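Look at the two complexes coming up: chain A is in both, with chain B in one and chain C in the other.
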Partner chain A sequence: MRFLRLLGVFTRIGIQSDLAYRANFVFQMLESTMNLVSALAVVALVFSQTDSLAGWRAEELGALVGVYFLVLGVLNLVVAPSLQRFMEQVQDGTLDFVLTKPADAQLLVSLSQVRIWKIVDVLFGLAVLLVALARLSAEVGAGEAAAFGLALVTGASIVYSLWLFLSTLAFWFIRVENILMIFWNLYWAARWPVGIYPGWLRWTLTLIVPVAFAVTVPAQAIAGRLGEATLVGSVALALGTLAFSRWFWNRGLRRYSGASA
Partner chain B sequence: MRGPIRLGALYRALLRISLLDQIQYRVSGAIWMIGAILEPLVFLVVWGTVAENQGGSVAGYEAGDFAAYYISMLVVNHLTFSWIMHTFQYRVQYGDLAYELLRPVHPIHNDVCANLAYKTIMLVILVPAVALLVIGFDPRFHWVAWSLATFLPALALAFATRFLIEWSLALASFWTTRILALNQLYFMFLMFLSGRIAPMDVFPGWLQSLAMALPFYWIIAFPVDLLLGRAAPAEAVRGLMVLSVWALVAALLLRMVWARASRRFTAVGA
Partner chain C sequence: MSDPAIRVRGLAKTYQVPVRGAGLREALRSLVRRETRPVEAVRSIDFDVAPGEVVGFLGPNGAGKTTSLKMLSGLLHPSGGEARVLGYEPFRRDNDFLRRITLVMGQRNQLVWDIPVIDSFDRNRAIYELPAERYRRALDELTELLELGDLLPKPVRNLSLGERMKCEVAVSLLHAPDVLFLDEPTIGLDVTMQRRIREFLREHNRRTGASILLTSHYMADIEALCPRVVVIHHGRILFDGPRADLVARFSTDKTLIVDVADPEADLSAYGTLVAKDGGRSTLRVAKQDTPEVTSRILADQSVLDLTVEDPSIEDVIDRVFQDAAAPEASPSESSG
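Coming up: the complex of A and B.
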């Protein structure tokens, strides 16, 4: 409940401050449109040469692109800008002001910045996803839909935990931005089903930087190719990573000595 | 003869400084390389998978040909790329350019040296990466001696052209702070028309013609084709001429835009 109230407040602040820069909306639309058109054009090019990519049909890969943009949008809407701000606050000591507020610090630093125009990516992702779903409507039943919803939430939780973990490193190291760069590079590779990659890369995307759970797994659910074991495994992993990143966050917080110390 | 000698001395000095400078930031430099290696690797896997699904080949390329193509693409794209369009706006906005303008030489020389220094240091990563890709993906190279001989001049021309074009486009920072959308438009064209997404033969005919009418094909895919021995002798010669013309056009463009841009510049605090 408290989570929703805080999110509501920060969203309102985000809208208010971003409305001052309305032209940004136009440029965000331009940027997102170019990104989406490129992504779909590559998929179209691939499927002009084949009917299936390692068992994935065009509509299923379209759904995967939709999930990719949806998750990307949510990341850029709140998680990435908030945690980036947090890392700056550790560096210049202004985290003190966050810690004195009477709410959970992890919650505050995870939600503090809402870049409202990034909602464009979320909406584009949803639109692509809906078109793909409409084309697959005969095959997607209630079971697949439920599995998809669950997979999406678990995938998002896993990616959030990873971001929190990486950002928490800022308590020990100053330049964490570089590590986040690695994340973005690997997330780009998640635009394709991880099953096509050679083993070492597949495992990297599944276990080390587990973006596969946020993109490939939900898309698999839509395609009706998600085994129960994978779904149960990803729920367990999500709970595990959420708990671990929370623990790690608290450890990092104990290390923080403030600006004036 | 004084001109070239002084330029040579200038480059020796700037290269030495750049090398020392880049060695300091070797970790972030290495992290940049992840993206540079991942991109061709991903497309190599995608097209290799398509070829497999289609009974072995797509548009005349078998899995081994795609491997050879993308390994060459990794090398050519890395050696010709510049980061100038990502960073130039900050130089203008934060006024760092003011110091560079005080120097008695054009700021582009320093950028060329920084670029070459970065690429020299990153050979430490590029060479093993290429070796691993060769081991992992079994590329089928058909080396052709005369074609390889034209590769180096083509690569040098391609680097010069790409650098001059990107430097000129980066100068748009003098007129607007909203440089991202323009950059992205350029990168989108570059991705599709320079052969990075797929070899030209995979594209429909009209896109191939478009890529060859613009500089995009010539600055990246053409040296790759020479490396792979895919161009006939007449095509190679014609390509080198086309590339020379684009290099010249890009140099003139830079001269023209720079003359106007530097007049507009007012440093912060000035």
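Coming up: the complex of A and C.
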């Protein structure tokens, strides 16, 4: 498949280019370790005072922290650096090289950069998730596992769509890096289940910057506390946002080439 | 005669450019209400490029050269007229079309900065889905012609500008395109490297029969590569024809260099004296007077040597652009 072959080549190039800066691996390990330790320490602190937080038990919240790091890692591995590069390319004009390639431009800009050291977050996330799952093992059946996988894919699709949408704004406004900072600040909030937040923030995290679907929903799935309706809704939302961001991207391209003017 | 590789009819592009007065107040006002004004970058141009032909696209900065190249390579949507490249409408950016063209921009690069050149090549191999055998053959040929052997394993950031440009040209040609759009491919390079790139392009054109549309500020590029030139200014075509005709049409003077035996001889009566060095005088003479003036000098003076020269193509181009202030000077208007 085209997508996988391109991803394979870009990954290999990403590994080679990151190997040129080996010190970054050490810094990444440090950064990821500090983030993970502080995240787990806060969870441990909370559960030293109580047995449940908004209905979540310690192991379940551990799983959520795992999902948080997993999704963070995947975003930083490909989506964030690629779309960051895309925005630079709009500014410096090298996007022209992408648009004269015989491949889907959205695919190319979404995969172009692979920051391989970010795999550390993915691995840490997986490790924490597995430990949490081992403690929950009796309760995780095939159904939960399948729902978890599906929720993870839909959550990632929703977040990707949002990123693509925000990056596409570069076609109109040229400099949009600041918009992405809003995303990161809200993603930080996804380290906790959205249920603990007051209504307005919960709605923001669900509907406006839907990080809830990327982190809370998959964690709910693995904890067996995800209703079918939420899962179906999540899939529908993922398909909708993918289609919308694709449409918006194409509009942006038309704008770039002056076809809409 | 076969169909043209590039066919352009009435092609036009108008940009909407934001206008804003100076100062903070104006900047704030433009936040709320953005005013734009249309700028006609290209105004109805016509030309054809035959398969295998190398055409030089000349014009001062802002003449519409790059806009035209971008329309032909599918990056910009024309606001009027029609362009066909290899039978395709470029702005549809059909994959079959993009596989057969390439774009080289001397000011920008597509090689990945931190990795060896060969890996950037590999990246394009994957994007163009080149079969292994075909890629190998193209790579070997380009490596030989451009002497890339030592450069391929080096990271791009360690290359000199000239080396990088050689690699940029090579990576753009791996997929053996039929039409090459080259936007100032030799800009900023030293004379030796410019010649190197030029020789390569000529050889590549001879071997592959690909059409080339080339813009450059270096007349040496044009003289070495382009039997035909298209001159564009203020978005209009001023001249389209053989390079030699450009000089013939737009030069009004010739230069006479006369050596006479007597170092004191004064030749200023025959034309405008440009320089005098002992017995050697350099005169500028109106083109139509040249035969008559030459024979008068030969009759009146004891001439040791006499040469008649056309002005350099640079001088001619300079004159074309100065004359072009009046739009009715455009000889291509009638063909639209």
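Note that in this section the second predicted complex is superposed on the first by the 256 of 261 C-alpha atoms of A that agree within 3 Å, B and C clash if a C-alpha of one lies under 4 Å from a C-alpha of the other, contacts with A are read in each partner's own complex, and residues count from 1 in each chain.
Everything below uses one rule, namely that contacts are C-beta pairs under 8 Å (C-beta built on N, C-alpha and C of every residue); 3 or more make two chains touch, one makes a residue touch a chain.
Owing to the predicted nature of the structure, the values given are computational and were not obtained by experimental measurement.
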- request: Classify the contacts of A:A103 with the two partner chains as first (chain B alone), second (chain C alone), both, or neither.
  value: second
Field: Contacts of A:V232 with chain B and chain C, given as first, second, both or neither
entry: neither
Message: Tell me the contact category for A:Y197 with respect to chain B and chain C: first, second, both or neither.
response: first
Query: Thinking of the overlay built on chain A, is A:A243 touched by chain B (first), by chain C (second), by both, or by neither?
result: neither
Query: Counting only touches as set out at the top, which of chain B and chain C does A:A134 meet: first, second, both, neither?
result: neither
Task: State whether chain B or chain C is in contact with more residues of chain A in the superposed arrangement.
output: B
Field: First (chain B), second (chain C), both or neither touched by A:S38
entry: first
Query: Which parts of chain A are in contact with chain B and also with chain C?
result: none
Sites on chain C touched by chain A in the complex: 13, 15-16, 70, 73-77, 79, 91, 93, 95-99, 101-103, 105, 108-110, 112, 114-116, 119, 122-123, 126-129, 155
Residues of chain A that touch chain B when the two form their complex: 23, 27, 30-31, 34-35, 37-38, 41-42, 45-46, 48-54, 175, 178-179, 181-182, 185-186, 188-189, 191-192, 196-198, 201
Field: Contact footprint of chain A on chain B as seen in their complex
entry: 27-28, 31-32, 34-35, 38-39, 41-42, 45-47, 49-50, 53-54, 58-59, 136, 178, 180-181, 184-185, 188, 191-192, 197-198, 202-204
- request: Give every residue of chain A touching chain C within the complex, in rising order.
  value: 5-6, 9-10, 12-13, 16-17, 20-21, 92-94, 96-97, 99-103, 108, 254, 257-259, 261
